[in-house]
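By written order: A, B, C and D. Residues from 1 in each chain.
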Amino acid sequence: MSILLDKSNRVLIQGVTGQMGQFFVEDARKYGTNMVAGVSPGRAGTKVGDVPVFASVAIACKETGADTAMVFVPPSAVLGATIEAIESGCRLVVATADEMPVLDAIEVRAAARANGAVFVGPNTPGLISPGKAKMGFMPSFCYTPGNVGVISRSGSLSYEGSKRITLAGIGQTTVVGIGGDPVKGTTAAEALALFHKDPDTKAILYLGEIGGSEETFVAEYAASSGAKAVAALIVGKTAPPGKKMGHAAALIGSKAEGHAAKQKMLRDAGVFVADGLGQVVEAMRAALARA
Amino acid sequence: MSILLDKSNRVLIQGVTGQMGQFFVEDARKYGTNMVAGVSPGRAGTKVGDVPVFASVAIACKETGADTAMVFVPPSAVLGATIEAIESGCRLVVATADEMPVLDAIEVRAAARANGAVFVGPNTPGLISPGKAKMGFMPSFCYTPGNVGVISRSGSLSYEGSKRITLAGIGQTTVVGIGGDPVKGTTAAEALALFHKDPDTKAILYLGEIGGSEETFVAEYAASSGAKAVAALIVGKTAPPGKKMGHAAALIGSKAEGHAAKQKMLRDAGVFVADGLGQVVEAMRAALARA
Amino acid sequence: MMMLECDAKRLLASVGVNVPAGTVWRRGDAAASVKVESFPVAVKAQVRSGGRGKQGGVQKVADRAALEVAAKKMFDTEFGGEKPDVLLIEPWLAIERESYLSVAVDGRAEGYVVLYSPQGGMDIEEGVPPVRYEVGAPWNFRVHRLREILEKVESDYQWREKVIALAQRLVRSAAAQDCTTIEINPLVKLSDGALIAADAKVARDEWAHFRSAEINAEREAEKGRADPYLRACLDMQHMYVKLDGDIGVISGGAGMTMGAMDMIAELGGSPACFLDCSPGPTSTRGYRPAFAMLDADPAVKVILVSVFGGGTQMQRVATSMKEVMAERKSSKPVIYRLDGTNVDQVDGIFKEFGAHNHATLETAVAEAVKLAGGAR
Amino acid sequence: MMMLECDAKRLLASVGVNVPAGTVWRRGDAAASVKVESFPVAVKAQVRSGGRGKQGGVQKVADRAALEVAAKKMFDTEFGGEKPDVLLIEPWLAIERESYLSVAVDGRAEGYVVLYSPQGGMDIEEGVPPVRYEVGAPWNFRVHRLREILEKVESDYQWREKVIALAQRLVRSAAAQDCTTIEINPLVKLSDGALIAADAKVARDEWAHFRSAEINAEREAEKGRADPYLRACLDMQHMYVKLDGDIGVISGGAGMTMGAMDMIAELGGSPACFLDCSPGPTSTRGYRPAFAMLDADPAVKVILVSVFGGGTQMQRVATSMKEVMAERKSSKPVIYRLDGTNVDQVDGIFKEFGAHNHATLETAVAEAVKLAGGAR
């Protein structure tokens, strides 16, 4: 099994007529993602590849049974597009866009919660359930089906981390990018809860960063009774305090948000913590050995 | 019967230790209003008259069974106090305050709707169910029990109008001031619906003004099948366009908001329209004759 | 509180809305100090009342000399009773089309409403009514709901998407800045397809003054534009609208004040003003400047005091009247009709200074009309 | 984007928050042009980094002469690596007590959180942690919820009510103006009981630039403060943090950039920077200024290009590298590790200009560390 995404998701693409939308239709379809509709106001009736384009998410859902949305619109339009998808009945909405104002993310998160939908984003590579479907631009060769759930705050780090375990023969149920922004559509806590319930997920790999408090969710989960084994990597050992390291949330604002404090907190909670990328496979193996 | 307010309401006063709060406790109790609690953060444990003071609405409701709130706090604090009352379970919340920012009124209205409560205000004299209870400073001698429901956009105009029909022997079920602001806790439409359902209310007197669109609700109601008879007075025949006549909503912004257009709309809908205060009793009698 | 167009556009620009790059010419500025980069330009009288366009308050001028002539004339012209203290000079726009967009507080919408019309311009009220999107609380704005509504009237989808994004910005800004209206008319499509707010009206909620230094400053500026009599009234929170007649009305409550005005007209008289004293202190301190203003106004022949009080107690009002009359110089007649809480104590107090309280509005108004010169 | 204290206080004042009546002294202003009404005053270095108080960045001066001495010295001092271009001069406050209030975006709160501590001041991080009120979406702020929380730690109810009203204002303003943090520390109670924001930190969300002219201007100003090399990088949306080491890192993605930095340290080297080029164009146009900046930086001995791309296609990055190298003057060694989408096309392109693509980050970093002078 997997979380959130598999072959049953019927995917529509908002902003499908843009460059990213068109590339996604081709790339994700190749991987097996079930692409059923595109949405582009003003372009209804046209096609992108063989995907029919509709004027609104509501119409696309009605006509094609779409239940999952991938959003490719400019940052200032993400708010409107994601809420449209959520309120038109999509159960999963993914917006990879960076540069989304945090206030907009707050609004989308509130709307998702009110409608029982899952929002993944912003500032995320998306998610992939290897061998089933992907929603994002992740390089497919980094992944293979298996029994580890991967959660990452960063895009390319999730490619790197996944490739490492894949090459070591460790496959994944789902790899989900929760994003580098402070307010997330799906938090580490929520992703952990989903993996916890997934019978095929035996252990979890968490790829985190300095800054913010997301890692406290991971420690809380790992310390809870009956938790699945967790391995983790925290990058940013060499990041100075008080500086934003690319991601809005990657800023050491207090001691607790620093690298040493996070590693200690995770280790104290029973997480198998890799000391650098070179140890990810080792930590993962240790976690699986306990699983 | 009556609408919204009778002897069953258990009333708490927010801002009870202020000058208005104290006057209200005395005046409304004299009329028969069932006053059970006061709220004043920091003054819990004291009394105003024989009314015990609590730190929060939630505690006051729990301790005294209060279910109705009268809010006497400064304009900038009305938002917080009314939402506290609504979310602590009060079914009726009255805020007479003028000078409440319209955005705050919008928020309170949304909260009332979400919680199934009724908000009356802002910028209103409150409401009175003659012979039963009053929530406001209206002069008691202007009212007598009877079978007319009165709705007014203006405070003193409702005293004047009510006194005129009272002196003519026409009593009231309830007189409700919906207020002079554009966004109302209770609209004319909602007050009409309540009077429509009240078996003791035989006819309705609506006291309106130029500006805004509240009167369209009245026309819509009067024209609907099975509507109770409605008499109305619209003041502001001599008001110039484009000027705010005291109330934020009393501004003729378009022809439809002018005096002549409103009178015509109401007459066309079958409302008995008084041409000036001097004709209110006559219009009311005509309405009752049809009732 | 209506803002001047130049201030409204400053607000719009601050939230990223495209507006013409204007220059402001204040009354008294030396012509030489007003920099204009290129001609032709629009010269626009900055007044708060509407309809300026039809009164010559917007002019196209082709060169510097014409600008100075037009400016001089505009500074000396009244538009809707108001002489401009400021002119706005803007590059003349290459207009491809004009539409209409506004965001306003609306009772029926229980909050904000968005209005759009594909045709904008001066005659908006005469044409097909704009389409309405009832937003309600500002956080309920939905791009896809507005799109659904606009699809029916606006066929240019690229323009439509620009309008939607703009409307979203305006609703957000209206809430953020306590605006009750933001109207862009015309909303212009330039020949290069870009969107620009060619004219803008913004009204702000004066009751939000405690959380906005700008609104607070605007309220003070409004008082500053008033004459000293009116300023004293505004300092007491009185609400005043000048009218054409000769019977001054001192009243309490907006509805009742209009009710008295209407009855004056009905009985053949003519009200000189709307003057609602209830928001301020209903005491000697509060009423004193109201009488001072009406006493000083040569148009006012008679003063009608009409107060029907609930929380305002009549024995206090009566005492205030006694005190004001004791210090008053003017001999303009004053007619009283006090009613409401504790009205039974009024006659006793009135007796002390020889005043008479009318039992009904009808008799009070009739006497005022008679004293003002009788029914016309 | 952190605002200077003086700008943060201007923002607070604009929403009706009480702040000291300060005067701004900009570098280069003549001393005589700086008006101070009365002494003593606080002279405060305006820098974006924290901890200024402990470095002498806030001084009490008793007279004009002392002010000028203190100002001269402050303009020449670095606080957290930053020389102030502006000083803020404020009346010295009669402080009765200091507390702490902030409103910030918080992941756990799914939106805004309000933090309050009855004791404010410089050592806030060392003391009892502030109490938290998780607001979430800004329209969910509830006066009574915050009151419940504050009742447990703040016994002065009059002060408590002032703090609650202020917090409400701050949440509203943070949302209205896209602030991610508004921190008032200390929040001061004056001897007359009034509340005043003695110091303030405001951070704004740079991604809201499209709806805020102020944020947009601040972004431009930030670029303006950068040297021309960095400015060219910022124009390309690159994200850069200077570090102490000698291995320049050109990378894509914040996490992967830090991962590479950490591995450099692990293998005995030292990163010279965090430079994430993924937000901008990953083309020759995008990478050119990144190389130009690192080539010009004398501290950088080696450049490590580490890109693991998904949407970013490696054959394009490889071609960009070829083009950049063809025009590049510097002879600093460049080590490559490209991986991700279409990585199989990289070797062919690299062969054209004699470059080698490392298969793993480990070998790439090891070579960079060796070239930079070996493990220390």
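Please note the rule applied: a residue touches a chain if its C-beta (ideal position, glycine included) is under 8 Å from a C-beta of that chain, and two chains touch if they have at least 3 such contacts.
What you are looking at is a predicted structure, and each value in this text was computed from that prediction instead of being measured.
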{"item": "Mutual neighbours - chains that touch chain C and chain D alike", "value": "A, B"}
{"item": "Pair sharing more residue contacts (C-beta pairs) when A-C is set against A-D", "value": "A-D"}
{"item": "Centre-of-Cα separation between chain D and chain B, whole angstrom", "value": "52"}
{"item": "Euclidean distance of C-alpha centroids - chain A vs chain D, Å", "value": "26"}
{"item": "Per-residue overlap in chain B, given as positions that touch at least 2 other chains", "value": "76, 107"}
{"item": "Touching two or more other chains - residue numbers and ranges from chain C", "value": "137, 139, 175, 210-211"}
{"item": "Overall pattern in which the protein chains touch one another (line/ring/star/complete/other)", "value": "other"}
{"item": "Pairs of chains satisfying the touch condition", "value": "A-C, A-D, B-C, B-D, C-D"}
{"item": "Chain D contact footprint on chain A (complex, rising order)", "value": "20, 23, 75-76, 98-103, 106-107, 109-110, 113, 125, 136-139, 142, 152-160, 163, 180, 182-184, 187, 207, 209-210, 212-214, 216, 233, 235-240, 242-250, 254-255, 275-278"}
{"item": "Chain A-touching residues of chain C, taken from the complex the two chains share", "value": "139, 142-144, 147-148, 151, 157-158, 160-161, 164-165, 168"}
{"item": "Contact set on chain D toward chain A in their complex", "value": "49-50, 80, 105-108, 110-112, 125, 136-138, 175, 178, 180, 205, 207-208, 210-211, 239, 241, 243, 251-259, 261-266, 271, 274, 276, 278-279, 307-311, 339-341, 343, 361-362"}
{"item": "Of chain B, residues touching chain D in the complex", "value": "41-43, 55-58, 76-77, 79-81, 83-84, 87-88, 107"}
{"item": "Contact set on chain D toward chain C in their complex", "value": "13-16, 137, 139, 169, 172-173, 175-177, 210-214, 216"}
